[in-house]
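To keep things simple, chains are lettered A, B, C, D, E and F as they appear, and every chain counts its residues starting from 1.
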Amino acid sequence: MSKQDITQQLIQTIDELSDLNALQGIFHEHRDGDPLPSAVELEEIIMLSRSILFPGFFGRSSVNCETIKYQIGVNIERLQKLLYRQIMAGLCFDTDCHCPHAENTRRCLNVEAEKIVVRVIAKFPKLRTILSTDIQAAFDGDPAAANIGEVISCYPALKAVINYRLAHELALENVPLIPRMITEMAHSETGIDIHPAATIGSHFTIDHGTGVVIGATCIIGNHVKLYQGVTLGAKSFPLDKDGKPIKGIARHPILKDYVVVYANATILGRITIGKGCVIGANVWVTRDMRPQSKKYKQSKTDILDTDFEYGDGI
Amino acid sequence: MSKQDITQQLIQTIDELSDLNALQGIFHEHRDGDPLPSAVELEEIIMLSRSILFPGFFGRSSVNCETIKYQIGVNIERLQKLLYRQIMAGLCFDTDCHCPHAENTRRCLNVEAEKIVVRVIAKFPKLRTILSTDIQAAFDGDPAAANIGEVISCYPALKAVINYRLAHELALENVPLIPRMITEMAHSETGIDIHPAATIGSHFTIDHGTGVVIGATCIIGNHVKLYQGVTLGAKSFPLDKDGKPIKGIARHPILKDYVVVYANATILGRITIGKGCVIGANVWVTRDMRPQSKKYKQSKTDILDTDFEYGDGI
Amino acid sequence: MSKQDITQQLIQTIDELSDLNALQGIFHEHRDGDPLPSAVELEEIIMLSRSILFPGFFGRSSVNCETIKYQIGVNIERLQKLLYRQIMAGLCFDTDCHCPHAENTRRCLNVEAEKIVVRVIAKFPKLRTILSTDIQAAFDGDPAAANIGEVISCYPALKAVINYRLAHELALENVPLIPRMITEMAHSETGIDIHPAATIGSHFTIDHGTGVVIGATCIIGNHVKLYQGVTLGAKSFPLDKDGKPIKGIARHPILKDYVVVYANATILGRITIGKGCVIGANVWVTRDMRPQSKKYKQSKTDILDTDFEYGDGI
Amino acid sequence: MSKQDITQQLIQTIDELSDLNALQGIFHEHRDGDPLPSAVELEEIIMLSRSILFPGFFGRSSVNCETIKYQIGVNIERLQKLLYRQIMAGLCFDTDCHCPHAENTRRCLNVEAEKIVVRVIAKFPKLRTILSTDIQAAFDGDPAAANIGEVISCYPALKAVINYRLAHELALENVPLIPRMITEMAHSETGIDIHPAATIGSHFTIDHGTGVVIGATCIIGNHVKLYQGVTLGAKSFPLDKDGKPIKGIARHPILKDYVVVYANATILGRITIGKGCVIGANVWVTRDMRPQSKKYKQSKTDILDTDFEYGDGI
Amino acid sequence: MSKQDITQQLIQTIDELSDLNALQGIFHEHRDGDPLPSAVELEEIIMLSRSILFPGFFGRSSVNCETIKYQIGVNIERLQKLLYRQIMAGLCFDTDCHCPHAENTRRCLNVEAEKIVVRVIAKFPKLRTILSTDIQAAFDGDPAAANIGEVISCYPALKAVINYRLAHELALENVPLIPRMITEMAHSETGIDIHPAATIGSHFTIDHGTGVVIGATCIIGNHVKLYQGVTLGAKSFPLDKDGKPIKGIARHPILKDYVVVYANATILGRITIGKGCVIGANVWVTRDMRPQSKKYKQSKTDILDTDFEYGDGI
Amino acid sequence: MSKQDITQQLIQTIDELSDLNALQGIFHEHRDGDPLPSAVELEEIIMLSRSILFPGFFGRSSVNCETIKYQIGVNIERLQKLLYRQIMAGLCFDTDCHCPHAENTRRCLNVEAEKIVVRVIAKFPKLRTILSTDIQAAFDGDPAAANIGEVISCYPALKAVINYRLAHELALENVPLIPRMITEMAHSETGIDIHPAATIGSHFTIDHGTGVVIGATCIIGNHVKLYQGVTLGAKSFPLDKDGKPIKGIARHPILKDYVVVYANATILGRITIGKGCVIGANVWVTRDMRPQSKKYKQSKTDILDTDFEYGDGI
């Protein structure tokens, strides 16, 4: 194979790969100047958020009482800038940028993005308050935790929950794409996959966490504890007349306050697990559980459920 | 402990650690000038491949219809250079570089590496075609997916499958080490562990994915869907007369078209799961299943299998 | 929303977030000049350790027999410096740095940190010896492993075990925080969560590994093999009079030599699994097993255990 | 000095430094979202321009005949993006961004910046043509130059002249600030200070170059050669009624074709040095010189010039 | 030359280069833990200082009136940390760290360094005030300057003078080495070499600047203007009985207020140039000049000076 | 100007710039796999050389007596690798890589490059010895130098001379291009331009240095001292029949031992400045000077030289 043959072959491959027909539907064209969804910027957003929420534990520099305000001020300013760009990127992602009114649309999106940023940042004090309950719950429930600082520094679940709680605020503002990218970053880092649309109360803990899946329409109360490998998924989902899944239907479990679910258990469908229930390791549940009940063994009713058809996990 | 004592202790440790006898078998000596397997270069290879296959979704810069060819051209050139180096690194890794004919051997490897690179790059248009079916299947099967773009941008399974499909081409060319490094990088990123030697058809999806294991001799048809935590492993493997496992024997399952396997199910051994079968969460299967059959509950025959002996998962 | 309104809102949020009352207990103030626990430095420590232990497989540069001593010498020096800083960071993390005797305390910590570093580095030759048995066991037990080099380069379990064995030495020296940070870094990279306080013998292997959890008081013998998703957890843990878990009680399993545990099995409580036992996939065990026994199916006694109460996984 | 005293002192200094009165006139406030003049981006612009103009000599990657188009295509696209941002930064720098019409102004600037970018890039082929004459002249005039490649790779004057010729195009488009920043970057790199507003013909060379100064209203013909330390400056400049220098008056020399000026010579004022003149080292000239004349020694008339008053060098 | 020969030769060279005898006097051994003089940290110190003094012109991020305090606060904190380390590095550089009292000495240095940092930072408001006069003078004296912003952004002399004024404060505090490193960084960037011990008044400007040299014992008044290539050097310096130059003797010129010195002029020795004097390009001066006098031509007395012996330039 | 027009214009410019005819002679095509001359790698070569020669003064890490050998060993190994690549790049730069025998040629170059590297590195101990004399001379001649360490850390001339002495060794080995790139890097950093082919003895110093030019055929004895702005250039150079300068003719001055040349003096042509001569600031010399003579004033004979014709400065 001569040098010429190699070059010929490569040029032909480049031509095939650049053929716009072959790219139909899987090629994302951007309007010039629009910001791009950026994993690098989202990582900085996460780092900034963590260091604003728990100064001294995350972030590169030391802090002290007198000067902490400067640090938080600068971090909030940087966060505002980056969040604005990524929210714009999300809004543009969902919008036809080549229509005749693109310029006007874009201006509207600008204004909207600006407002969303301010509203989301204004929620940071509340985020810190609820995350503090998650930290306390993790410490109280783990004899291996030496102190609160170890929980904040080391526990992967906290990282996943910080990302989720931030992404959830963005999801509530209907920002497309970006919330999911943020929770997937935590998924990659920790093995914990929480859909940004899920609803989760205070004092929430996940121990170890690898393999946990929490679906989009889950509703989780306060003081709930999950172990590694737990799935809160869908049992089945209705299809439309084209055989495509219908979007937006409630299909994941409701867990009331003080529920505990042990390792690798699987809970499927829009069922309600009552207050204080305990579900053992490796069992699965497809029917409602009364408050304060326990299930350590696989029940026949769950398995033999006549209308049973597994659905999508989230 | 004086400064002198500390230095003495460190120098002695350095001597022990540099002792060539202690390094017997676990020290990789390189011939000068041979490229090294490099995680950094492999990561760039993955980034380039993703941005060539799905321009606008991966990669740092924006693209538009008119100028996409320049981007792909430059990326293919860079990919060629890096792939060549890593393929050479893989080939050298397996070759005794200190034999008398090392210089000749090396020249042969050079020529071979050059050819492999061109053949693998020439397959990129086909890789994009089959990956598009994987994307479509993920979108069609998930009510939580807002649009195709979200699937490409966020779904970890797609990242794992891109790595697998690229690594598989390198494995078909008998490149040592590098394919496994590429799939392990996806394993670390997504928790999905697909052996590069496995065979996987079109429209393949994995939901959530953390904990999935697909063994080296698996054969998976078209339109197959797996959920998180599914193992397609070996039940047992024969040993040679030295008690070492015999390499290269088919020992993992065959999944026909349209099979669905739910979360944390375990399928073991060279069995065949017929077309359209459904396997429920947390069950395990060690016997063939007829087409269109379903298994939601643990069967006794699977458990009480007389010749049963668990083997290696891959 | 005018520019002024936005700025006003941000400044108010900054004030709320900087309020020291709101930070009570979740803010880590550092004494000036004390080193900080640093993920970046710990990553370099891990990279250095890997390249000192297995030169030519990890680290950026090539090595050859004649000059390996220079590489190891320089790497040990750098390791000494970084380890010293991180050990100091760990010791300071646990110490009240604002008491009147802070200056004296700090000097003591300095001296202690210096000694710990030298002792830990002096153990590197032994670490390499035991890790070599882990590598050999992985190769002997996996028909998919082409050679020893592939095991060292690619297998995630080895990375997790290197981190664990290093962190364990630091834990034996009572360094706070840092050992856990090191094992959590492996957890994020590989999905394998080994507590640094656990005790693990030679020839230890984990196949695939995603989802494995090994608790703090586990004692694992030689030649033990685990598969992905295995939990060695606590069944229950006693609470003190305030309802908080009592720290430091033995609560995780003992696995004797030659035990094998298949995928997603769960072993809970301070029980003893005898020499040569085999535990099947997806089952769980809460009672002692006699040597050489096998358990492929869920037993009633394990499930119906009267004093049963799940506890913390680690 | 206690910790508290130190903190007190620092906080007070921060307050003083943030006092807006103290910042009057020397503080540059930006409108949110406007691009900033950026030394980092300008350096990338310079690197891109050099590698577009002389591919294979500048830039990180190798090029070959068949694929050069991809490289240039990608570089032009990146250049367009960066130039647009820096031109906008320059235009905004000169504009009152807080007036009521800021939004409209900004939109006009956008449109203008877009046009300027395209016009400047369209001149790159001509820039390459004239720079090629500069290179040829340097090679022809230097016995120490081994080949054309050495001139392109090593000669600092070429770098200074590339920057100047690019900056000059931007100056012709009335872009504020940015042209001067570009020539000052060459000044720092090479010690050659050419004002972007100067006019310079083809086949222009500067040998060694450190200390050369070429003022804003200079007009230099073709085939001119300067040596290190040459100043083409102003002799005097008229002041307005407030005693401030009047801007925009022609005050620097005109050098006709084929003029040579040796090391450290100083030529001052709006005088004309005729075609083919030679000026010796260390002399200075403040009067016109007839074509083909030479001046190796300081003349009295130049020194005793009655209306003599040195002015600004540029 | 075989591989073995090459390795042998390299090892021998390493041995020669590591021979401590050969390193006598030119090898700088550090006490463990002492900070090192660091060009990288000094560059960050310069960048921080510039962006604290002229926010919005230097530094990476945009600023606005409301939030400037956060930026300056964070920058001052970072500056404090870095300056402390570099001042310690300078103090240690001059101190015998291997004497028996090293530990005590080091503690004293620590306390001293801390105080110096606070005192130097406390002078930043005054530094900004005097630098503002330098900027105003540059703008008033240059018809090519479009506005104040261009002077701050582009003029190399301002960068050199910022470095000098900061270094001068450190020199007044008797910090060894570091002040000179800071002015040499400006020398490399701008070609302007100002000794940190020199004394320079307000409204000081240097046009173009390349090649300017200002010696250690110079005293320069207010409103002085220099052009490129000006030397303010020593004419001769007395030697001690060993033939070494005696340190610390006043040997450089005094320039009174409103002096102007044109390009490449050379002023040598402890002479006084009176108020309002003008010195022409390329002349040199070794005798006092009366106030308001001008010298455009070389005078005999300067050249034929009987006790003339050139000395060191600084 | 519509989006389409802009894209059209850019594509046309790309076509023009990629036209191979337009690139004739100014485009450097590389053979695949050949190393490229790289400013980045050369900078690392300079940093390594400086830190090998003067450990503790240059380079990032601290050193101590016991472990210095590891540092130097690792640095020499890295230097060997980088120097090999850059020497190859230089050799390939000068060679027609597209002739039929390119493969053989390349192998010869490989062997040659390998030998040159070893020979050059073997000279490092001698380089350190002679550079030590340069350092001593700078210290002895400058009352402003506090100690030897300040000279090594701060003096720009030392940096220029290190680069020159290294480049000179490469020039003696006939490596093309690379030596000149190395001295030009010092030229940019310090303003001192020394041609790598010049010959310079021991105890060589340059004070301040900006603007110094030392031509290719200069021969400089021991104990010579230059000040800033000194030119040792060519007076004229003979042309061949095509009017091009003849290469390789001795055309620059010879300075015998103990010569001192003050600021901005210019010495031109193949003349000999005798032992112990002193040349004053701003004068120029085009005729031989007898030993021990002094010249502080411009002489007529130098100016009125009948055969006078200025030539190239280097």
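Just so we're on the same page, a contact is a pair of C-beta atoms (placed from the backbone, for glycine too) under 8 Å apart; a residue touches a chain by one contact, two chains touch by 3 or more.
Predicted, not measured: the structure shown is a model, and the values here were computed from it.
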Fill in the blank from the handout: Field rot_deg for pair chain D/chain F, CA superposition, rounded to the nearest 5 degrees, holds 120
Problem - Chain centre separation (chain A, chain F; CA means) in Å - result: 58
Fill in the blank from the handout: When centres are defined as mean Cα positions, the distance from chain B to chain D in whole Å is 54
Fill in the blank from the handout: Chain-centre distance (mean CA atoms) for chain A and chain C, in whole Å, is 26
Problem - Residue numbers of chain F (touch at least two other chains) - result: 10, 14, 32, 64, 67, 69-70, 72-73, 77, 191, 210-211, 229, 264, 282
Exercise for the section: Chain touch graph shape: choose line, ring, star, complete or other and state it. Expected result: other
Problem - Residue ranges of chain D in contact with chain A within the complex - result: 7, 10-11, 14, 64, 66-67, 70
Completion exercise
The answer for chain C against chain A in the complex is residues 1, 6, 9-10, 12-18, 20, 22-23, 25-30, 32, 34, 36-37, 93-94, 176-177, 180-181, 184, 187-188, 191, 193, 195, 197, 210-211, 213, 215-216, 229, 231, 233-234, 237, 244-249, 251, 264, 266, 268, 282-284, 298, 303-304, 308, 310, 312-314
Handout entry: Residues on chain F engaged by chain E in the complex (per definition of touch)
Key = 52, 54-57, 62-65, 68-69, 72-73, 76-77, 80, 114-115, 118, 121-122, 124-125, 128-129, 132, 135, 140-144, 146-150, 152-156, 189-191, 207-208, 210-211, 227-229, 260, 262-264, 278, 280-282, 296-297
Problem - List of chain C residues in touch with chain F within their complex - result: 61, 67, 69-74, 77-78
